[in-house]
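Input: a single structure, listed below in structure tokens.
Each chain gets a letter, A, B and C, in the order it is written, and its residues are counted from 1.
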Amino acid sequence: MKTKFRLKPRAEQKVVRFFLYFLTSVAILVLVFILVVILKNGLPQLSLEFLTKNPAHMGKEGGIFSTIVATIYLTFIALLVATPLGVGTAIYLTEYTFEGKVTRIIRFGAECLAGIPSIIFGLFGFILFVTKLKFGWSILSGGLTLAFMVLPTIIRTSEEAIKSVPAAYRLVSYSLGSTRWQTVTRVVLPSAAPGIVTGVILSIGRSIGETAAVIFTAGSALRLPSSIFSSARTMSVHFYILAREGISMSKAYGTAAVLVIAILLINIVTYYLMSKYISRTSPE
Amino acid sequence: MIRPKPNDRLIRLSLLTVALTAITVLAVITIFIFEQGLPVMVKYGLKNFLFGQDWYPSEKSFGLLPMIVGSLLVTLGALLIGVPLGLASAIFLTEFSSRRLSRLLKPVFELLAGIPSVVYGFLGLMFLVPFIRENLGGPGLSVLAASIILGIMILPTIISISIDSIRAVPDSYREGSIALGATKWQTVRMVVLPAARSGLVAGIILGMGRAIGETMAVIMVAGNAADLPASWLAPVRTLTSNIALEMAYASGEHRQALFATGVVLFVIIMILNFLANLAARKQSGR
Amino acid sequence: MKDIAIQVINFSHFYGQQPSLKNINLDIYRGEILGIIGPARSGKSTFLTCLNRLNDLIPGSRVSGKILIDGLDIYQPEVDVAALRRRLGMVFATPVPLPMSIYDNVAFGPRLQGQTDRQKLDRLVEDCLDKAGLWAEVKDRLKTSALKLSGGQQQRLCLARVLALKPEYILLDEPTSGLDPISTMKIEATLRLLKKDYTIILVTNNTKQAARVADRTAFFLMGELIEVDETEIIFTRPSDKRTENYIEGKFG
């Protein structure tokens, strides 16, 4: 009856192993390809002038200075708002309450928020900040929109970091007569700091790379922003416009290279922090 | 020793307020999107919106069917590419590679997740689109191009969640199976993967959510024609691109129709979130 | 004639519905070392955490009855728990140095109180480390991480950290259970020295330790206080058969 072709288990395993190798290599090659192409075409565009001159003729000429400034402003505002909110939420969830209905609702909110596409955040930011609150297309509108976008990431990473602080530390701290808040600020947060910082750095990466949510809230003015109420164009938005409208592929590559290098640096720093964190919390 | 302590109460209350931000923002987003999008949907009829094939905003014709189909098609395509690659990489990294190799590769995939979506779109535009145009025909800007780019973009999501859920399978299961004389692959196929199934499903659904929600990368490679695509090589417009393409100049009912597009997208995403949650809970409940 | 410092009256403690201490009545005298012995899970550690209300931190923890410390009912809602815990310093079974320097560990309590005067802190840290018998060993590396100390040193550091609170009572929860005999000896010697300034309650799973150190000894079994008396009497002619059995090593 058994006419179906079947490999012997050992042979089958070999085939599978080869196949897995192959597919994993494909995934890695894609990454290598991205990095190589962007850096090969982008690095030659980079110069001090490119980084310190403002764009001219819609970006055809000049550098990307104003977009770098705008990106930094926007990211800074986003994290200035999201970090206290996210860490505060994590502290509440872990230190100030027991699991129950309220924590479930809060977690549900954060999880759903994490799944919402950035374009929806863009619409939301446009209606709330640009229109209703009359901030206009501005760094403030864009920064606040990004803040809510990265909030779930900061909540989750902070919560994990705080949970990994040994319970004995808290017990000791309370037994020495500290209030809850003193325990949080003097024992829990210092121990959880590397994990929290990691989450914040990941959020910086996301803010730098975001386009859809920013373009409808911060606008795309090329001028150097003069205040948080100025409209501004971030690097990602600039890159998108350069590429999509075919303004200048060489400038687009240059901008992409700056973006990718920034992301690379962020990942390296995060990785370094994490490994330091892990080696410190694990015994020996 | 007796002393009132209003501080702790005050701090708890402020932290609770802070902690309610996330759910509040979610509520506000929901309210705004629906407030802006629903009236026009009601006015022109839900059926015309969801099943109308013509999108001519200037003539008040708001048929979203091409975009809904477009979103679903590119997502399906992304899954066809991303799921096998992602699962294979996750299985390889957890079960078949050396510890050192998997420690080396994990940050590589994290880096892949960190690269901005516009960069993916740009590379798709520069390399993938011409490649498809020259070798397979059509304009190159196509369902296929969007699917491939999205497939790559959801890889990190699928890989990291799959790795977590495969790692969560107790080693005793593996040892039991190996002790019974199974090969490693048999163990993986018959013991590990079934035990991790819910987590894997959650990862795939989350990847799906990412694919449906992606905007900029898709705009750059999909061609964006608001018609039902005739083939894998035809251009396509997704729900997200529909919003992003026209938002800059839309006003009045046209703008509301874009929010209505947001409503459809929002509902799809919420359903996916719900399903992923369900799957994830099933895994941790075991 | 004897000065009663702590009065435990009809006191019970529950985890959820499960009683862990049943109707305890006990007087603790000022300036004594009270040893508490009993098998595992007999409620002796729980009893300690009831005295400084650390049990408040455990969900589902509930009490009935009264504990009066210097006449104050500590389970009244208006009691400042932090201040209470400073008066009853506690040393745990496993030494838990906080992840900071030796100096910062000892200065942790005073700093919570707002003490920032560098000179006062320096003096206090030296004084407490000296009392705990650790000063000579660590005086040249106060700024190094406390996690680098040996187990015995860590436990003496924890004791110094408690002394820095200037407590009136010291609660010790099996403080030498993880230590080698020499470290144990050092800690016991320290306790005898501290007796003149503090009231000490020592929970121990080592009956011989109670015999060596305690003035009076209480025997706990399954959440009940079976008896309490002069240590010598408990160990030579206890009035309850169960105490005798436990001390002779017949169970526990």
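Here is the rule we use: a contact is a pair of C-beta atoms (placed from the backbone, for glycine too) under 8 Å apart; a residue touches a chain by one contact, two chains touch by 3 or more.
Owing to the predicted nature of the structure, the values given are computational and were not obtained by experimental measurement.
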item	value
Farthest chain (mean CA position) relative to chain A	C
Most centrally placed chain, judged by C-alpha centres	A
Where chain A and chain B are represented by their mean Cα positions, the distance between them in whole Å	16
Rounded Å distance between chain B and chain C, as computed from the means of their C-alpha atoms	56
Averaged-CA centre spacing for the pair chain C and chain A, given as whole angstrom	48
Junction residues of chain A, two or more chains touched	179
Shared-contact residues (touching 2 or more other chains) in chain B	5
Residue numbers of chain C (touch at least two other chains)	83
Complex contact set, residues of chain B against chain A	5, 7-8, 11-12, 14-16, 18-26, 28-29, 32-33, 36, 84-86, 88-89, 91-93, 96-97, 105, 107-112, 114-123, 125-127, 152, 155, 159, 182-186, 206, 209, 212-216, 219-220, 240, 243-244, 247-248, 258-259, 262, 265-266, 269-270, 272-273, 276-277
Residues of chain A that touch chain C when the two form their complex	98, 166, 168-179, 182, 186-187, 190-191
Chain C residues touching chain A - in the complex, by the definition given at the top	52, 54, 57, 59, 82-83, 85-86, 89-90, 92, 94, 96, 98-100, 108-109, 111-113, 158, 161-162, 165
Sites on chain A touched by chain B in the complex	9-10, 12-13, 16-17, 19-21, 23-24, 26-28, 30-31, 33-34, 37-38, 84-85, 88-89, 91-93, 96-97, 102, 105-106, 108-113, 115-124, 126-128, 148, 151-152, 155, 179-181, 202, 205-206, 208-212, 215-216, 236, 239-240, 243-244, 249, 252, 256, 259-260, 263-264, 266-267, 271
